[in-house]
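Shared between the two complexes below is chain A, which pairs with chain B and chain C, respectively.
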Partner chain A sequence: MAPLIPQGIINPELNLIFALMLGVGFGYVLEQAGLSSAQKLAGVFYGYDFVVLRVFFTAGITAMTGLLFMNYLGWIDMGLVYINPTFLYSAITGGAIMGFGFILGGYCPGTGIVAAVTGKIDAMLFVLGILIGIFIFGHFFEAFDGLYTGHFLGNIFVYDSIGISRSWFAVLLIAVAITAFIITQMIEDRVNRAEASLISSRPSYFMPSFLILALGIIYLFLPPERASSFREKPPEKIWENVIAGKHMVCPLKVGNQIKNGQDQLKLIDVRSHEEFGEFSLPGAVNIPVEEVLNSRWREFFRNGKREKVFFGNGAGKAAEAYITASRAGYERVFILEGGLNRLFTEVFTDEGIFDTDNRKQARQFFLDGGVKR
Partner chain B sequence: MVDAGFFYSKSIKMNKNQSSYMNPYLAGFLLGMVLLASFVITGRGLGASGAAKSLVLSVVGSSAPEYASSSAFYADFFSGTGPMSSWIVFLTAGLILGGFLSGALGSRLGFKTERGPRIRVAARLWFALAGGLLFGLGAQFARGCTSGAALSGMAVLSTGGMLTMAMIFGTGYLIAYFFRKLWI
Partner chain C sequence: MKNQTLNNSAIIFFGVIILALFFNFLTARNYNRSNREVASRLADSRYYDYASLYRELEGDFPGDDYLVIDLRSTGEFIKGHIPGAVNIPAEKILERKLKKLTGKNSKILLYAVSEEKSAGARVLLMGKGYDNVSIIPGGYLSVRERVLDGFDPSHAFYNEDKAAWEYQRFMPLGKRTEAEEGSPEPEVPTPVIGGC
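Here is the complex of A and B:
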């Protein structure tokens, strides 16, 4: 399942090789499309050549549609994909400054670099200008800080900001793109006084555009998105387990595992990060109960053959985590009966130091190697 | 329909030796596929200004370490493996290779200055430098340029990315009239 490198499916050492290959594709397409020409690029602002709008918009909606479908089918974990953070003021300021840069320079960084390597002298100066601009930003970095980091809204999505559903936004964006294709073609023909023969011999955008629109509309009418590519577990099944007490793991079993330094059971601490930082059981991972469904843990729960045991101080939080995880379809999850409290009052009593009020000592005990790992 | 009042008639001269450009919708589709592949393989989109930042960090960091160490902007240079061995730098190395390859295959390599019909070469070069400077500065604020913020941001439907995209093109259209002598 994608993304392949963050998931560990492809060796991270190959990361740079893939970066190089993707870059080659990127540069090749930009040059093939004619985006290494400042005159063609600037045409988008003066109506005589809309190539940049066509390439840019088509690329954007193609990648967007691809990601939406892959996410729907559970082929890509969007939790691991970089979502550009939204710093409201700096996004607006930076965009406006780049608008000036585009009109004055005639390139953007990607197209400018490609133009420079194909021999455009103006593009070489443009790229030099980029470096100077970055240096200037660095020089005044502290002064810019308020603007740069101000008004951070998180890694938010535009459809949430507008307040419509993701699928509707996607379809609207595709429709806007196709409308823009049609209108800009008309403007371009008028500005260039194109002859009828040229217009009729031009390759049509209708087929690809409407194919993508069709995909968007299909996406709109798909049944609600599944939380994972797993089937959710029906509540009745969970209820059956709970009634039969099959979801509990006896503290003695966990205690023995710790004493003997074994690891058949994977222990999951559902308390907060702070509590975990102060003290936890040896070998435990910390997944606070509110993070159980977090996509970064999905692989952890799905893979691995070991039984996973939730524990908290008592059994309350662990039970919440158990129900959440079970409903999401995660198999082989359990609760430590009575939590840490019972573990220390019933199992580790003979060591003397493990009464409930002495967690610090307990931590020392584990850290000092009093228990075999 | 938009009234194209200030748009001047213009014909693009095509050099007979150059092979023609790719259908822009096909190019866009292919670029979208490259972008999608980038997300699928590495979990992130494309970018171009990031490598320029890495270059500035490296050059300034190694030639004026005292100056660089006093600024939080250069902190990346002094930590980890160094900015030049990063993903974004290799991506840009590929961008250079791919652009050159395509230019060579299309017989479009050669030194020239791209300019509008009414602007002299020297003036065009100054404007190109100024435009680059502004783009470099703006891309730092927006945490990405047309590729990293606008295009990749659009693909993942990020509010910030799409806002930056709207601002780039919106500002461009707003001021295009005043700079028309540069291009038409």
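Here is the complex of A and C:
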């Protein structure tokens, strides 16, 4: 459930439950497609049965089309989807081992487990072999290390390597899949010496093929992705808050919160990492404006219990971070009025809104090194 | 029979996507530039500076096309403003079509009562798709004091986001060493000299 959990739509604690449900569903589909039979899987190599190719190609292009459109519509964030990085040597070796095992055993790992569950003894041995292989790899990992991490290429995509756009690649892949369906059907018929009556009574797959190809072509001609998504707060709403001054937190409140060590506010330092390294308010986290939207802070900002207060030396940079965060839909964010400069002017000079006792305590607090004793 | 199920699910899949696309085009378009792009532009952009503003007011930059917008209320604007500024109260800045007021490539400079308001307006305008929006640092009072009532070169690069105190001196992240423990009471830190 990769996009849903980081988005905060689903509680991460439910992760394993969803994994179980998806696993059961996947196993069911594999079994229904007949992929728990070694004869069916081996059929691809002998040419009498291409159902494996068709199942996985169909699943692939359906998922691809769905992801492309959901990404376009802003329903999911492709930036949050984990993409396996490419290590060329291990990919080649792994592919060879997998292919060899496929021919030898008649299963791939997923179908092997499905078949083992349905009680096929050869599949159980196949799964045992997988476990032994995992054990050997784990035990001698260091010896394989050079091969395993060799020739790292990062997250590369086929369409980047061959230099075409993502949308064209999607359409081509759909076309290739449909062509493969037709050709493999023809090979199957020839190998099996199918009778003409069987061929003519076969259901037509024209409708689904046509629709998916149509979706691919629609995607090709879509206008560029929209800059705003429906999850974002409209500018008028944000600006209303700013004009009403509801986005400001008074230095007095922040000063009191710091010296009493309460946990109602969460302070966010928007200054650079260098400035933060030299000094910051106790308990503050450092998020410069360009990092506000990073996915690692998503959980932090979505925490509704705390008020999140941006501060810089002044208020300008904090205001920029505030608008960016509000637009992203983060609630209960604020700015420290006047920033650090104002706060410390309040504390260390005799002007401003702090009363004498408060100022004295705050002054002592900071002069003591900001640590409660 | 199985084929019927396949056909139906394919039609539902297709229909949901087409409907979603349709509604996506119907919904209002709030922003013209993505939040991420605005954030990265903010990171490497600088505010206008008082030196340029002063020279601009003195007429040293003829030909440069600037539109200075005063975001304060009309009453405040009448009492005093930067010469040549146009008054658009903050409430109306998002409604006004600024493109009509400016030339195609001209720069928009904002100022308000305080920097936090003009900086915020700038981010929203950038999100709306305006290029070349910058702000005059500080609020109007700061501009009046440092530029309009007599310009002093020490304020040329005045920046409210510059530290007014030497913060690192009195609270080094709570990492005080044992040696400092016995030392006499630290003095109240002195404000940074110069600049502001």
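To be clear about the criterion, the second predicted complex is superposed on the first by the 225 of 373 C-alpha atoms of A that agree within 3 Å, B and C clash if a C-alpha of one lies under 4 Å from a C-alpha of the other, contacts with A are read in each partner's own complex, and residues count from 1 in each chain.
The rule is short, and it goes like this: a residue touches a chain if its C-beta (ideal position, glycine included) is under 8 Å from a C-beta of that chain, and two chains touch if they have at least 3 such contacts.
The structure presented is a predicted model; accordingly, all values stated were derived computationally and were not measured.
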| item | value |
| --- | --- |
| Partner chain in contact with A:101 - chain B first, chain C second, else both or neither | first |
| Which superposed partner A:62 touches (first chain B, second chain C, both, neither) | both |
| Partner chain in contact with A:249 - chain B first, chain C second, else both or neither | neither |
| Partner chain in contact with A:208 - chain B first, chain C second, else both or neither | both |
| Chain B versus chain C as contact partner of A:45, first or second or both or neither | first |
| First, second, both or neither for A:27, with chain B first and chain C second | first |
| Touching partner for A:174 - first (chain B), second (chain C), both, neither | neither |
| Partner, of chain C and chain B, that touches more residues belonging to chain A | B |
| Residues of chain A at both interfaces, chain B in one complex, chain C in the other | 62, 66, 203, 205, 208 |
| Interfacial residue positions of chain B with respect to chain A in the complex | 1-2, 4, 7-12, 21-46, 48-49, 52-53, 55-56, 60, 71-74, 85, 87-88, 90-103, 106, 108-116, 124-125, 127-176, 179-180, 182-184 |
| Partner chain C, residues of chain A touching it in the complex | 62, 65-66, 69, 73, 75, 203-205, 207-208, 211-212, 214-215, 218, 222, 226-228, 230, 232, 234-236, 238-239, 242-243, 248, 271, 275, 278-280, 282, 288-290, 292-293, 312-320, 322-324, 327-328, 335, 337, 339-341, 344-345, 348, 363, 366-367, 369-371 |
| Partner chain A, residues of chain C touching it in the complex | 2-3, 6-7, 10-11, 13-14, 17-18, 20-21, 24, 27-40, 42-43, 47, 90-91, 93-94, 114-124, 127-129, 135, 137, 159-165, 167-168, 170-174, 176, 185-186, 188-189 |
